[in-house]
């Protein structure tokens, strides 16, 4: 099964039934991203999204030093961003197409039908936040150093952080502080403001906890789990009234699933339910 | 006055002038909800909403063990949800109507013109969250055990939790964690993420504190209090710009109230103001 | 340069290159606001917004006792709010125009292209919250006493607090609690719920820290900083999808700045970059 | 069956299988509306909405002279609108509750799951537009005299015309013209701007054509027809992107209906399909 | 009274009680706009908006040849648009500020509390559409030649046409046709698609009809008229549900006006009502 | 160049510089669509969108008899729609994925950066409307027979018609009429309600006129043309205020184009401007 997921710079494994593990793997460069990486990640995630053998996913970075140091700035400065027509409008068009493609790759994690748990550790700068904010759950090791790094290279972050961070945590003053100053902050601060929902001793422990959580989620009805992800993301961005309406329309189909009976019966019988693939 | 509010499974009392107390009362079943209960609760709340003798409300669960264990699954499995036409679209229509009716009953608490303070204790699963998230203020006893329980019965929660929880707390990673895993969490965690704004020793203490707060709120101008509830709920779901505009239109009428003069004068004279009924 | 900013009740100074300091100065009245003050503040902020010599701003209150005690109620009761035609609709029109003008003055801080750091201390009631919630970052001294005071004078707050507070912090239950009860709360509580992102010993220390942060922000590319403020405010109020799209359109122009190369080069050379005025 | 629908001021009949006919019946007063009428109409329409024996509805006015002359102003001037507390804010609250209730009664036609065809004739003022704009299809007799009458009695129309008219026709200049001037216009003008989709010689002919159209619609799959109404109303008010998404979620259930096979088979066999009740 | 409205390039007169007439007056240049003109127009309109002696407004162009030929391109090419920093991002900032200011001047017509009737004739290119689409009612002379001219000078129209035209007429295919081709079209076509609501023989006749309509509108209750404009503009841009809610909140104040009684009484007595100033 | 666009069932040619012509080519089946066709069309359009040699596009159907008869129902009944798991929720998931993919293919025409002119003739049912409503301009031959056909096969149209039609024409009553009845209507009716912006004698003449219009559009600045398409589509779906803001942000980059100077200079010199590729 893992063969279907062989893409450069990523290791995809299946440590537990129904659980996939994506490892960003360019440790010699602190897992810094070049264009091929976000394209590959997007393909992997889109395939996992429809793979009936997968119900939850964890995302980690290879090596001890970094989840990811962010965009590989050196590579980027020699790529698309540095080119351009001699006409501002035409360069703008090229840049716009590039940003949309990049954004779409990262948003693929949010759109993935299965929940994704990001586990951050070590250096977690720039794209590390864009990426993990597009995941569903963020856990981290105690040694994680975070930074919304983009202003330090002269740009307003455009791959997702500025759109998702204000809705992920509950301290808008803090959001502005870290986004405007690019200062580095640690795991305790990340937990306090609600950026992560768990801090663990080291990377190994954090990954282990993530795997436990992924396994727990994978044991639930995939109809219920995937609906819950969809409805939470939908509601985050809309009024409660719109959220309720969409939920009712969603569930007019989904409440007809056999998983409900199976789950209830298993509950009464204290058994572990088995659900069909989805 | 309490006679107007005699509905099965609920005790409605008026412990302090202008304060109503709704008690969910089916303690032998851990206050689990059957259909008649949400229909009755909705009627009670709609009446209180327009009752000029009421300015604030507290909502509690009878008995020591539970605010509510949620939906009475056994009853539900024999009711509407289990029926259905042999045609998927026709069953979907029946389910949709059922969900909308159920949602409307719970939303009645949010639409109630008077603020409602929920006091949770003991078992507070599933519907306990839908219900209390539709209230304005959430307090709890230290022994409260919370769970977004729905995935455990094979469904994505559809009576409000998935739409309101992301806007009630400031840790979207944690919201996904508890909603996808259905794990039980306690009062300390609820307070840390901002789900409740106060934790008290036991149920009695929590109810007592809620009553104090309700009494304080009931002592203010009802024009100001009811406007504040309305404008906060409106603004939660819309842009700041839309919120400001609606606020101005609301207050072009409400600033003409005599309550302003009475409140200011009382403030200067260090007296307790008396406001007309609303 | 300071001469351009001489407006009654405000001291505007430039303590560090590219940093402006606005001090509310009516200490004998606890910096309570009369109409002229919000009109003047609005003019100051609009000028700073386009002043190429300014990249970040701090806002403080003169004296030891108060950031601001809020609206000067005594003055207000003799002003616009107390007048009115004998016809309710015509009075409503006058009130609506007044509220819109007042709101616009406070919103000018949010619309200012440069980030504004508010430093609260002592009495910080009513308008203190409307004002500081329209700023980007909120720091405070340990002695700060906050209150959403409006219900105590018989009104629902209409200059911004009810629209911005639910989006600034992550505890909607707490927002309702303080807005409905008008109770006074301290700096520890403000920090816990995420209303402020830093608490410092005394006013002097808090101002000093704010100045450091403003200086840090002013050292970054103004293209990046101003874009970051714009995109965060835009995204707070819209779906992630809308936020991403707007971000791409914004950056199709802004990524063409020379600041990017300058910032990257300085980073590699461990030098402090110099950016052109904006 | 008609007995279930006996409500004062309305005649409800079932002229053709699956087609209901609601006649407004207060011809001696040109079918002018008193409060009891909109309350009754709302009840009738809500019942028809869930009645499996009904698939389409026509709405007409009794007598030769008027569809309806609108609100019975004389009655209204003695009712709710004329009362009020001595405090402006309290009167505003009473008015707001009254308007919401009135709006909800008229919106019940738009929310009715079955399509409603309004047939206008003769005097069709004020509420005639609010009512018919809440219907799905508007036909009229050649003698119809329309007017957005409300400014002539000193109010901005508040029961739906100002919200629905701009989205019902494609000439915003004309909308403003008739709404600001309250001038009377005829059927030719109504057809030209798109307010009605058919003009017929006299009332009898118009009703007859409406009945034909209702019969045609009632012969289609009710799953398809009711979905079409829902999706068109949803999409009118939202972006195309939102419309498409909701449509997909709706149809993930509805495409599982047997009506599809029955409809296709009947088409191939040139037979009239029979669909189960809904 | 006219003295208060003496601004270069505009003649403001008061031909009838409560009716203002703004004439664009630069006929030697076909009323082409230079920056000073939109700034002046904005000031005039804002003052009229609050002038209690004005209840409706007509806007015309001086001379026989043109309502306006649009932007004075020659002047513009020597002004702001042609300047710019050597850095793209800084030029973008200057352009953005310029566009926002220009847009705000034109939007001032839409925000004006009193209805504005635009009368087009002769050459009506580019800004002629931006301007008249920001008015409430559009009438024209038979000789009017319209063009969405901007693509012919290499730009996408940015002062309002592209945002307002799709909502002003009901033929999106036609909107794209004229906006993408910049072709000239006449009054018959404008009337057919709903861009104007009246075509008259010559300019004099069109102005005379506009004056009649303005006089009729000015005879109605200003509370009702101004509310109608506000609610129609609000509803155009939002869902019916949002429109209804805002309408109810607006009218909770406005239905308390004495104009209602005066209007009804006058209607019964067949007299012309007199309304207080607003 | 045409070789790059060889996809089964479509002929792509380049009749004029900068103009592409896509012909749907399955005339023996009245150009009815099978899945491969919408996938291919989507690929073609996405490539044309970024092809610098293309500035405008026309879309036609091969043969004399039909633009397209819509979905090939026979093929569809043997494909995805007919399959499905034995569990309703799992079938719903498969259907949802299928609908989203299908919708995305059709929406690709709307998202194409270059304007697309659809030319309809003969049988134009079901998907013919979904497709052409996703184009920018609709022209037709006099013999065109239109139908929103979906209810006749038991479904609510889900590939775009129900979301786009209410915003494409200005007669919501007519939209409901044709969508609920599936009745066939002709070119005169289509023109009257604004569904098409031009009707021509026969297919050949209609195609010829479309080509002229495409050629005219292709002669304009591609920066201006592509911006105009983008801004019109954006504004159709949002408030005027949102439209104006996005427009300003778009043009802060695009007004820096050299096309402006070239276009203006060419206008003054009565020459045809030459614009760089985009």
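Chains: A, B, C, D, E and F, in written order; residue numbering restarts at 1 for each.
We take it that a contact is a pair of C-beta atoms (placed from the backbone, for glycine too) under 8 Å apart; a residue touches a chain by one contact, two chains touch by 3 or more.
Since we're looking at a predicted model, the values are computed, not measured.
*Asks:* Give the pair among A-D, C-E or B-C whose set of contact pairs overlaps with that of A-B by over half, matching residues by number.
*Replies:* Comparing each option in A-D, C-E or B-C with A-B, the repeat is B-C.
*Asks:* Have a look at where chain E meets chain F and say same if over half of the interface residue numbers show up on both copies, different if under half do.
*Replies:* Mostly different residues.
*Asks:* Determine which of the two chain pairs, C-E or D-F, is joined by the larger number of C-beta pairs in contact.
*Replies:* Pair with more contacting C-beta pairs, C-E versus D-F: D-F.
*Asks:* Just the number, please: Cα centre separation of chain C and chain D in whole Å.
*Replies:* So the centroids are 48 Å from each other.
*Asks:* Counting in whole Å, what is the centre-to-centre distance of chain B and chain D, each centre being its mean C-alpha position?
*Replies:* 35
*Asks:* Which positions in chain F are in touch with at least two other chains?
*Replies:* In chain F, the residues touching two or more other chains are 88, 92-93, 167, 169-171, 193-194, 223, 236, 238, 241, 249-250, 252-254, 256-257, 259.
*Asks:* In the complex of these two chains, what residues of chain B are touching chain E?
*Replies:* Those residues of chain B that touch chain E are 246, 249-250, 252-253, 256.
*Asks:* Across the complex, what residues on chain C touch chain E?
*Replies:* By the definition above, chain C touches chain E via 50, 85, 87-90, 92-93, 97, 223, 226, 253-254, 256-259, 276, 278.
*Asks:* Can you check the complex and tell me which residues of chain B touch chain A?
*Replies:* For this pair, the touching residues of chain B are 73, 77, 81, 84, 88, 91-93, 95-96, 99-100, 103, 107, 110, 150-158, 160, 162-167, 169-177, 179-183, 193-194, 236-238.
*Asks:* Give the list of chain F residues in touch with chain E in this complex.
*Replies:* Against chain E, chain F makes touches at 115, 136-138, 167-171, 193-198, 213, 216-217, 220-221, 223-225, 227-232, 235-236, 238-241, 243-244, 247-257, 259-264, 267.
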